[in-house]
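First, the structure itself, so that you have it in front of you.
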Amino acid sequence: MACEFKAIRRVEFSETDMAGIVHYSNFFRYMETAEHGFFRSLGFSVVMEHFETPMGWPRVHAECDYRQPLRFEDEVEIHLLVSEKKSKSLSYLFKFRKMNGPTPVEVARGSLTVVCVTRQADGKMAAAPIPKVFADKIEVAPAELLA
Amino acid sequence: MACEFKAIRRVEFSETDMAGIVHYSNFFRYMETAEHGFFRSLGFSVVMEHFETPMGWPRVHAECDYRQPLRFEDEVEIHLLVSEKKSKSLSYLFKFRKMNGPTPVEVARGSLTVVCVTRQADGKMAAAPIPKVFADKIEVAPAELLA
Amino acid sequence: MACEFKAIRRVEFSETDMAGIVHYSNFFRYMETAEHGFFRSLGFSVVMEHFETPMGWPRVHAECDYRQPLRFEDEVEIHLLVSEKKSKSLSYLFKFRKMNGPTPVEVARGSLTVVCVTRQADGKMAAAPIPKVFADKIEVAPAELLA
Amino acid sequence: MACEFKAIRRVEFSETDMAGIVHYSNFFRYMETAEHGFFRSLGFSVVMEHFETPMGWPRVHAECDYRQPLRFEDEVEIHLLVSEKKSKSLSYLFKFRKMNGPTPVEVARGSLTVVCVTRQADGKMAAAPIPKVFADKIEVAPAELLA
């Protein structure tokens, strides 16, 4: 059972803006990097083509609190923690830590709620239970990690 | 006194992802489009170089709730509403409406809290009161618009 | 018969980088803005779902020469000119002009070659003749415009 | 003396478009990933703040030929080769190889020409000789590698 995953990225030049820092929208791309790495760490891809029914994980909620800026070439750890697990949806907490300073510093904290959807007989996507083979591998992180 | 601004965008191909819809991070870019248009509508730029002290508006919080997807060439109205006005910070509510269907539909709703910062004598940026010439032009939107 | 199209964009904050100018990769997004506007001006969409066979326009070559930078809130005209028309491919020339200075200035010049592809019986995409209804509406721009 | 550098990236979801493949503009971001890794491999950063005069490397030309698409989670090697070295400018060749298939396949090839600029006494940026400590570390790649 897995409840967390850590991804590391180095800030790219194209991710900065004229204020000299990472554009705030890119933290949401970084979250996805960790989310998809989490899926791969469990032997899955977020693009679940090997399932009988095409499946997707649209986002219903995303948010981020920014404490300190990230700059070009900073190394950032994106720590994903499963914060909620329902039959058809998952929520993640993300802690962003800048790793290249004297000590790691949390620079931002975000969250994401995603819903499992599959294509219905009529061709439309609709919310569906998370496949058991996947659900069985994940669990909510302990409270002390989510604090 | 201004409390709102509406920007219109047409969804670009490069803003979509392999799921065929606008990538969720781009809604945060769209918010900024409306925010900067709001500044211009008041005779300012978000890059306030004509002030004595260089100023910026870093984000401290951003969030978005997604209800329906946006697709390539959809026309989206981004309706900014001032939801809170403090001495050193502003909060905005954003209503995203898809305009090219039979009737306009709200597809997402977001919010943003930004802090006014200026460069201190020591070269560092620190929170500072919103310049009066700007603050005097904006007010919180009426409750019924924020509902 | 159409041979050109002009699109106007205002540079967004999120398109700049820490050098304070538009990131060079965004000029290729700007080209696409004009290309898709050109398609719409002829009554088509680059996503040709109303054709019997799903069709696409993958890029085989793209290039850009940069003369002057573009900055936040600059107004840029992207002038598309059809520079070559073959049975299965099109080439465009793009002139980027900054419009908000004393006089319009060409800041960059690019080109793009795209190939018309359709889905074959075996599911794979392959180059195909440009549909006649579309091809009949476009022609190569006069030499003096391409200079 | 260094003449090449290889960077590896895994294609991110946010880099794909509705055609299901990496958006063509992102190949130019990938080039930059390799360029900046090349700088770091020599002990430098593309943001040369430790030099007496602020320096930058604006692009004057960029191009790319696309042969095969890249898809989500593909692993791509970006092979940078120095193709030209002048007193004030550098040119790079980039070979993009998809690494996760049965055998590595070249999917695209690009090039970039960058100019070394420094801030003049009047505050404007102007072309300047590449600093000797940096220039002394790089050389043009052998012809067989550039083929």
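We call the chains A, B, C and D, going by the order they appear; numbering starts again at 1 in every chain.
Methods note: a contact is a pair of C-beta atoms (placed from the backbone, for glycine too) under 8 Å apart; a residue touches a chain by one contact, two chains touch by 3 or more.
Since this is a predicted model, take the numbers as computed values, not measurements.
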From chain B, the most remote chain by mean C-alpha position: D
Chain pair among B-D, C-D or A-D whose interface repeats that of B-C, sharing over half of the contact pairs by residue number: A-D
Shared interface numbering between chain D and chain A [over half = same, under half = different]: same
Which of A-B and A-C has more C-beta contact pairs: A-B
Computed distance of Cα centres, chain B from chain A, in Å: 24
Between chain A and chain D, centroid-to-centroid distance (C-alpha), Å: 29
Chain A and chain C, separation of their C-alpha mean positions in angstrom: 34
Multi-partner residues of chain A (each touching 2 or more other chains): 13-14, 18-19, 21, 25, 29, 32, 47, 72
Footprint of chain B on chain C - complex, ascending: 12-14, 29, 32-33, 36, 40, 45-47, 72-73
Interface residues, chain A side, partner chain B - complex: 18-19, 21, 24-26, 28-29, 32, 47, 56, 58-67, 69
Chain B partner contacts - residues on chain D that touch it in the complex: 13-14, 16-21, 23, 25, 71-72
